Each structure stands twice: as C-alpha cells, then as structure tokens.
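Before anything else, here is the set of structures, which you'll find just below.
Same chain, two partners: chain A is paired with chain B first, then with chain C.
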Partner chain A sequence: MTLKVVVVGAGVVGAACAFHAASAGLDVTVTDRGPVGAGTTSRGEGNVLLSDKEPGPELDLARLSRTLWDEVGGELGPDTFELEAKGGLVVASGPEGLAALQEFAARQEAAGVRAERVDRVRDLEPHLAPGLPGGVHYPQDAQVQPVLAAAALLRAAVRHGARFRQGEVAGAVTGRDGRVTGVRTAAGEVLPADAVVNAAGTWGGEVGRRLGAPVEVLPRRGFVLVTEPLPPMVRHKVYSADYVAGVASSDAGLETSCVVEGTRGGTILIGASRERVGFDTTMNTAVVTRLAAQACRLFPFLRGVHLMRAYRGFRPYCPDHLPVVGPDPRVPGVVHACGHEGAGIGLAPATGALVTAHLLGRPWRGADPAAHTGLLPDRFLTPGGAPQ
Partner chain B sequence: MSEIVVDGDPLPFVEGQTVAAALVASGRLAWRTTRVGHRPRGVFCGIGVCFDCLVTVDGARGQRACLVPARTGMTVTTREGDDE
Partner chain C sequence: MSEPADLVVVGAGPAGMAAAATALAGGVRVVLLDSQAALGGQYWRHPPEHARALVATDDLHHGLRRYRALCQALAAHRTTGRLDLRLGHHAWSVVREDDGFAVHAVDRREAPRETALVLRAPRLLVATGAYDRQLPFPGWDVPGVLTVGGLQALLKGGGVAAGSRVALGGTGPFLLPVAAGLAARGVEVVAVCEAAHPRAWLRHPGPLLRNPGKWAEGAGYAAALLRHRVPVRPRTAIVAAAGGARVTSVRIASLAPDGSPRPGTERRVEVDAVGVGWGFAPQLDLLVPLGCALTDSADGNAVVAVDGGQRTTVPGVYAAGETCGVGGAALAVNEGRLAARSILADLGAGPLPVNGRPAAPRSAVTRQRAFARAMALAHPLPPAWPSWLTDETVVCRCEEVSAGAIRTARAEGAHDHRQVKQLTRAGMGWCQGRMCGPAVHCLTARGRAYEPAERLVATPVTLGALADLDETPPAPPAPPVPPVPPASTADGETDKECP
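Presenting the complex of A and B:
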C-alpha cells in the first residue's frame, strides 16, 4: 500500500519535501493556508550558502543540498528558478577579522567546503571600497529565486502525482495506537494520512502544537532592501565577515551585518538584519538606515543609488540554531521539517530528501537518516517527552 | 509650446506635465527594456513606486520619469537597463 503523506506548508521546504516524496512514489498532498511560497520563502534573498556555516550538522545538510540544487536545476531547468552558481565573497574589514575569517575557512575546508583565500578582493568585485584587507571566495555559494523555486518544485511534485489543497491545519487525527491517521483542517475536512510533514516555516511551532508534537520554532525578523534596477555591478554574493557571527548569535537586540548581491532583474538586494521582536511586522526605518549605511561602506557607488523598497519577514529558528528534521517520537507519523532560520532556501532540497528517507526508512538521493541524527527533534525532548 | 529633448529629438510638453506624461502624450508607451528578455517598460504605477519608467535627466541616471516635471531645455536619455 502506498504511504499517504500530507505536507503542511507550500513554501520551498514543503515543496521540496513533496517533490522528493512524490518522486519516490509516495501519495502526497500539500496543504497551506495561503498561496505557494507566500510566507517565509518570499521574505528572504534566495541564499544557497556553504560559506556562513561552521562544520557540523547544518553544514553536512547544506553540502548535500548544494548538490541536490544542481540536480533539481538539471531536472527542471536552472532558468525556471534563476539558479545561479555565482559564488560568495566574504570580506574582512580589518586584519583581526581577516585572521578569524581565514581560520574559519580552514575549518570549513577540512569539512569539504571549497574556500579560496583572496588578497585583492577588488579583482573579484571591482566596485568594492578600497583598503579592504582581504577575504575568502566560496565558489559553491549560489542563489535562487525562492518563490519560483517553490513553485517549480511543487509543479514537478504534481507531475509525479502530488496534489495541492489550500486550507489551514487544525489538528491531527490519531488511531488507538496513537499513530497519525489523518489531518483535520479548519474547514472540518479530514485528509487521510499515514504521515504528516510539518514544513510550516516560521509557523512550524504552532503547527507542531496543533499536531500534538510541539517544537520550539521562534521568529527572528529580518529586513532586505531593494535598489532600483542597475547594470551588473555586484557579481558575487558579497558579505562582511561579521555576518557569520550574527547568524550564530542569540542576542535579542538588533544585529545587522551587510550582505549585498545583484539579481537577474538588475536590482541589488541588501541584507541582513536580525531582531527578536515576535511576529511584529512593523517597518523600522532605523534598521533600513543602518543596513543602507553598511552597504554603502562596502560598495561606495551605492551612495548614488535609489532604494526602491524594503521587505521583511521572519527567519524561523530553534533555540540551538539548527533546523529540526525528522520524526517526532511523541506522535508516530509526525515528521518535522522546519526551523531553518535564514538558510531554509539553501537547505530545502536536502531537507526534502532527508524527510523522504525518514518516510521510506532507507536513504534517498544521498540523504541517509543515520548521517543526520543531529537534526532530530529528540534533542529537545526530555525522557518524559515534554519540551525542555 | 515648451519642449524638452529626448534622445536628441525635441518633445513638446504642457506646463505641469511630468517627463512620463509628455512621453505618453506623444504616443511613446515604453522607453526602456528589462535586462532579462528585453521586455518593454514605461509607466506602470505612475506614482514613483515601481521604478519601471527610469530615465536619465540632465546626466542624472535612475530618475523616475513619472515624478520629474518637464522643464524647457531639459535633456532626457532613455533606454536605461538595456546594458547586459
């Protein structure tokens, strides 16, 4: 009998889960209360990064995901979601920062990441400010247009037999043994399911709670600024070395670290801020000002460029800043795939493959559950089964 | 009637019209193209939000034609964003 899987969330992670599960021959229904890719997926920059990850469970997933993005590009056509292997350039602002960056890069290299020391950063990015001491080039870093990627993955899943149903999840239906037998929607329908994948992004905590399997996924607000369209001026994903420290930090206050990159459409995207303000979407001009000033220090030509708009959204993070991917031991049938913080786009294909491997009970497309135990929800659970 | 110069040619305008209004009044609906696919772009929102109508005005690039009032002797260059 074919395993029936309901994927909650039609963002890039849910779409990747559906793509892999449907490719593996499972019976897949994707459900979302909103349109495809309209939540967390649409509020980021489309980062597919190895450069910002330290060796560990997240980098292991990211390395697999980088390979799988190329496979998805080969299967669906790289232009359908603007897959660009543009490479990343991390620049240090002073000699101390450079030494720390090079030490970090050496550890990444030992973990299988390609990292090349760059002494003259303006050879790679001619419009960078003069006087920067150096940096590290990460040729594997890439970019996708995240909403197009979610839509392309979901379309491909549908070609493999998956269905998309708009609707909000209200709870899980369980059998006498406690196993999931279906998903109850807010409209009162029951979607039959042997497994439910929680791919609800920033709302993964709430969906987990409704399914009886709560995980702590918290929102961190981030702003991205968009310039007017320009001729190509920025070739790589360029960011300052302090971005890595900002990603790993748990500080409650505002943190900004400059990330600058061009897009196919000609606009330049400027990130990245992180604030812990709950689900507050208020515009904050102080953040916009600070990001713009940092970007202008990195790329002085930006002083003469108009900002077209700024968008913001939430980076869903777990307390230990690792995603939670795998079956929940409290409710058999519930599989989490959320909490990717600012890396959800990059990590989506490997997350989808890993979820599929968990569902199949065997490795799938290079994703072996035994190799990614550090991402299991078990790490948050006490022996009694309650969140710590 | 007053005139501005658009890509070397005189273009009449009525006092109070923006550069975009003068262009549209003359029958030009598109004056730049997108970088990908070279699709035509002109006035879309007309209120300074979409940045689709960009032109160079007296040497200053990236100006929104829908926000810049036309003035006699003004030099406008179109076809921004064409460079690949």
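Presenting the complex of A and C:
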C-alpha cells in the first residue's frame, strides 16, 4: 500500500518535501493555511549559500542541496525560478578580518567547498569601495527566486500526483499504538496520513505542539532593502566577512551585516538584519538606516540609488541554529523539517530528499539518513523523550 | 522650533491644513509637513510661490477664500513659532516610539539633494489624501494618456494644458471640473465619457437633497460645460487608445449595464491627450505599517477605520480627509477640524477659544460622508471592465506585466494581488503597485475591498540620505520662513460650514 503523507506547510521546504516524496511515488497532500510560499519563503533573498556555513551537519546538507538545486533546475527548467549560479564574494574590511576569513575558508575547503582567495576584489566587483584588503570567492553560491521556486516545486509535485489543500492543522489523529493515522484540520476535517511532515517554517514550533511533538523553533526578524532597478552593477552575492559571525550568533539585540546583490529584475537587494523580537512586525527604521550605511560603505555608488521598498520576515531557528530534520521519536509518523533559520531556501531540496529518505527507510537522491544524524530531533530530547 | 511639538500632521491639503489650524488655535505646537512646495495639497494645488504672479489659476479653484484663510491662520502661527511648517518634505516611514511617533522624512527642497531627518511628537495626524484610481485598457501606456488628476495638476500647478484636443473618461464627478478647467483654457474637450448612468443618483436622493452645496457645485460645472459645448456622454467609456510617440486617437464605446462595450457602438475619435480616472484610491502607506485597522468603503477601497472623532484604532494616531474615504475637500476640512478637536481633548488642552458649536463639524462630517457614499454607489467600477483587456494589455507598467500573465497566475491559484505580485512581479516596480494594485485586485479578487500592499517605505529615498542618518544622529535645522501667502481676504478661519 502506498504511504500517505501530509506535508504541513507550502513554503519552499514543504514544496520540496512534496516534490521529492511525490517523485518517490508516495501519496502526498500538502496543506497550508495560506497560498504557496506566502510565509518566510517570500521574505528572503533566495540565498543558496555554502560560503556562510562552517563545516558540520548544516554544511553537509547544504552541499547536497546545492547539487539538488541543479538537478531541480535541470528537471523544471532553471529559468522557471531564476536559478543563477552567480557565486559569492566575501570581503574583509581590514587585515585582521581577512586573516580570520581565510582561516574559515581553509576549513570549508577541507570540507569540500570551493573557495578561492581574492587579493583584488575589484577585479570581480568593479564598483566595490577602494581599499578593501581582499576576500574569498565562492563560485558555488547561487540564487533563486524563492516564491517561484516553491510554486514550481509544488506544481511538479502535483504533476507527480500530489494534492494541495488550503487549511490549518489543528492536531494529529493517532491510533492505539500511538502512530499517526491522520491530521485534523481546524475546519474539523481529517486528512488520512501514515506520516505528517512538519514543514511549517517559523510556525514549526506551534505545528509540532499541535501534533503532540513540540520542537523549539523561534522567530528571528530580518529586514531586506530593495533598490530601484538599475543596469547590472553587482555581479555576485557580496557580503562583508562579519556576516559569517552574525549567522551563528545567539545575541538578542540587533545585528546587521550587509549582503548586497543584484537580481534578475534589476533591483539590488540589501540584507540582512537579525533581531530577536518575537513576531513583532513593526518597522525598525534604525535597521534600515544601518543597512543603508553598511551597503554604501561596501558600494559607494549606492549613495545615489533610491531605496524603493523594504520587507521583513521571521527566520525560524532552533536553539543550536541547526535545522531539525527527521522523525520525532515521541509520535511515530511525525517527521520534522523546519528551523532552517536564514538558509531555508538553500537547504530546501536536500531537506525534501532527506525527509523522503526517512519516509522510505532508504537513501533518496543522495540523501542518506545515516549521514545526517546531527539534524535529528533526538538532540533536543532526553532518553525518555522529554525535552531537555 | 525650540520646544517639542505636540502633534505632527502629515499632509497639508484641505484636511491637514484645517487640522493644523484648529489644533494651533487650541494652543498646541504643530509640525506640518507636505511633499509639495506649497500648501493646499492636490485640491488647492498652486504654482510655486515665485511663479504665482505669472500664472493665473484662481478661476480653476473652488473654495479659495477658505484656502487663503487657512494659509493666513497658519502663517500667523509660524510667526509665533508654534507651527513648524515643512514643505518639500516627504515622509517615508512613521514608527511608534515609547513617548509618541517618529516621522521619518526627507527634505527635498534642494532636490536632487536629499536630507533625511526625524520629526517627533506624541500625536500623529495622517492626512495624506488619495490619488487617481486607474483601470488599464489597450493603449493606456501611450504617451499623452494621463490621469484626470494629472491633467488637473498640470493646470493648477503650472497653468499647462496637456493637449489641444482632449478626451476624458472614467467615472465620478471629478471629471466635470477637469473638463471645465480645460475648456476654460481653450482646450477642445471632445468628449467626457462617464461610465455611470445619471439615473444612478436617483437611487440615493436623500444625501443629494441634504447637500445643496454639492448640488450647486455640480450645476455650476454643468453650465460651464454647456457654455463651452463640451459633450458629456453617460454610459460610455474610453476602451482603447492608439498612437506612437504620442496618442492620436481613442476608441469610445457605449456600455451595457454590466459595463461591457455594446457591440457596434465603438467609434474612433482623434485626440492629442487623454485623461482617465475611476475615482480615487486613498493613500494609506503610512497608516498600514502602524497597524491601523482598515474598513471597507462604498467605492471598493479599504480605508482607514476611524471613530466619531477621527481616531484610528492605534492610540495617538488620527486620520482625516481621503484616507478615511474619498469625499472631497469640504468633508476633508471638517474631518481635519474634528480630528484636531479630538487631539486637543485627548491632550487635555482646554476648550477651543473659537466660535462655533462643538457639534458642528461632526454633523457636517456625517452629512457629507453620506453624500460621498451616495456618490461612490452612483459611480461604481463597471463590473465587466476586464473585457476591454486583451491578454497583451500591459497592466503593471513598471514591470511590464500583461493581463494574460495575471490571468495565468490567477488560474494557478493566486487569489489576491500580493500573491500575483510574487508570481508575476506585477506591483514590484517603481510605483510599488500604486497604479496597478486596484486593477490587479479586481482581476483576481473582485468582490472584496481593495487593501493596498503594505509598503514599509512610503516614498523612494536615497540610500545615501539614510546612511547619513545612521552616522549622524538628527539635529535638523528649522527651515527658513518663506513668504506668507497673499492675503486677499480678511476672513479669519471660523467654524462655518463649507459652502
């Protein structure tokens, strides 16, 4: 009998889970209270990055994901979601930062990331400010348009037989053995399921709780600035080396470390701030002016360029800043796929493949559960199953 | 201004001017900012101060006595230092702070140079008005096809007629003053295509009868149009425009009751300029990010929800004028006064030392809102307007997104303009959906009121200006006092109702 899977969340991670699970022949229903890609998926820059990750479980997933993005592009057409292998350029602002960056890059290289030392950063980005001491070029870094990517993945899943049902999840229905047999929606409907994938992103903590398998997923607010459209001025994803420190940080206060890149539409995106303020949606003009100042220091031509809009979203992060991907031992049938923080777009295909591998009980598209045990929810639980 | 302000008013049109004047009369300190170089907003738009003597525009205006009285009242308060008037200042964001509101603005008086600054006060009044609502049609992006509001702004702001043979189309009473103004400047207005049926008014006779001033105003325009032999054609619409570097013709069709063109009625008319307007869309960009609740209005727009004293749902934030629902300048003035009275009361200021019964503005507002509602119901968007579009018709002009692409997105499940934006880029360009938003909404979610997308940046601002704000904490110099507007009337501002 075909395994029935309900994927909760139609963001890019949920869409990738549905795509891989449906491709593997499973019976897939995707459910979301909103339309496809309307949450954090629509609030990011579309980063597919290796450059910002230190060696470890996340980088292992990211390397697989980078390969799978190319596969998805080959299958669905890279233009359907603006897949662009533009490469990343991390620049240091001073000699000390450069030394730290180069040491970091050397460790990444040892873990299989392509990283190239750059002494004259303006050879790669002619509009960078003069006097920057150097940087590292990461040719594997790429970009996608995340909502188009989520929509394309979901469409492909539907072609493989998946269904999309708009609705909100209220809880899990379990059998006498405690195994999931279905998902109850807020409308009172029951979707039959042998497995439920929690791909609710920033709301993954709440969905996990409703399913009886709580995981700690917290929101971290970020703003992105968008300029007026320009002729191509910035070729790579360019960011300052302090971004690497910001990603891994747990500080509560505001952090900004500037990432500047062009888009297919001609606009320039400037990220990224990180604030732990819960789900507070209010505008923070101090963040906007800080990001503007940092971007202008990297690219002085930006001083005369108009900020056209700003948007903000909530990155979902787990206390140890690693995503939680894998079956929850407390409720057999519940599989988590959330907590990707700012890397959800990049990590989506590998997360979908890894979830599918867990569901199948065997490797799928290069994702071997045995190689990604560091992402299992068990790490948050005591041997008895209670949260640590 | 040395002492801190009690109130920031954003927008110096009829509502903002009246609110500021009333609040100042009540003894509080006010900052009044507006993006334009002169007081008056769109309704009382005037040429820049230095050109006023050369460009006569008085005959284009309605209620100029009131405008001048308000200008005088404001000028007097500038002299005492209690009004900090900031013309040429665009507000790009407003945020709540512990003890009030911070209005983030850019000073553009020396454009293209911009200076970012922050204006703070415990109370905020948003009177940012409205702008022309547009419906796309084949050829609407040909040069020379303007909004009726744009035609009017050229006339009032510079004495410029946009063409010599002009067709106007759309719906609503605003078409009439624009036609009359153009005709008075010697423009041949070849047709005023009003999509609504004049009988629609008869369904709401009460508000019409209770607002004789409005009725008289309309009759005045009708007489002017008759005098200039301007043909007003009810139940018709401009359904296409053609031309290359400049518009050369339009196609006008009679409309069936659902708004679709009647087959066989289309005719081609040669023109060198076109003005189109389908009512107005309120400018809510500063209010939505603050979290102010919206409510539906009769014209299909969501507007900011206010109580009987113009208070929004966010404590300390007030709104007046078209942001609360499109209703014209007389209503805006009364809403501005009403808002100022609430602000004075909420600040604990003493009673207003002005004549007039306290209830007067409120009853006028109620009466005039009823009129505005009747007007909106009599001038709906024709339900079948999308039938004018071909799949190739551009709907989002900034990103060149066609009607066909939007229909495809809808077929794929996009059920509102936000989702269409994510999938097609419609509304992602320079105007941020201000032009195409209502149309995209109608194409995807007709039947619901149009709620604009949240725009955290209300006007484009250079990154350099923002960067400077980050590096140097604000200490904005007070702008120099410009000359007082001409005082051709001795009237003080009183609480008399608008004519």
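The rule is short, and it goes like this: the second predicted complex is superposed on the first by the 388 of 388 C-alpha atoms of A that agree within 3 Å, B and C clash if a C-alpha of one lies under 4 Å from a C-alpha of the other, contacts with A are read in each partner's own complex, and residues count from 1 in each chain.
The criterion applied here is as follows: a contact is a pair of C-beta atoms (placed from the backbone, for glycine too) under 8 Å apart; a residue touches a chain by one contact, two chains touch by 3 or more.
For clarity, every value in this text was computed on a predicted model and none was experimentally measured.
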| item | value |
| --- | --- |
| Superposed partners chain B and chain C on chain A - clash or fit | clash |
| Greater chain A contact set [chain C / chain B] | C |
| First, second, both or neither for A:193, with chain B first and chain C second | neither |
| Partner chain in contact with A:148 - chain B first, chain C second, else both or neither | second |
| First, second, both or neither for A:231, with chain B first and chain C second | first |
| Partner chain in contact with A:306 - chain B first, chain C second, else both or neither | both |
| First (chain B), second (chain C), both or neither touched by A:285 | second |
| Contacts of A:132 with chain B and chain C, given as first, second, both or neither | neither |
| First (chain B), second (chain C), both or neither touched by A:49 | neither |
| Contacts of A:118 with chain B and chain C, given as first, second, both or neither | neither |
| Overlapping contact positions on chain A, where the chain C interface meets the chain B interface | 228-229, 265, 305-306, 308-309 |
| Complex contact set, residues of chain A against chain C | 35-38, 42, 147-148, 151, 155, 164, 225, 227-229, 265, 267, 270, 281-286, 288-290, 292-293, 295-297, 302-312 |
| Residue ranges of chain A touching chain B (in the complex, touch as defined) | 228-232, 264-266, 305-306, 308-309 |
| Chain A-facing residues of chain C, complex | 93, 95-96, 102, 104, 116, 289, 291, 399, 412-415, 418-419, 422-423, 425, 428-430, 432, 455-457, 460-464, 466-467, 469-471 |
| Chain A partner contacts - residues on chain B that touch it in the complex | 34-36, 49, 51, 54, 62, 81, 83-84 |
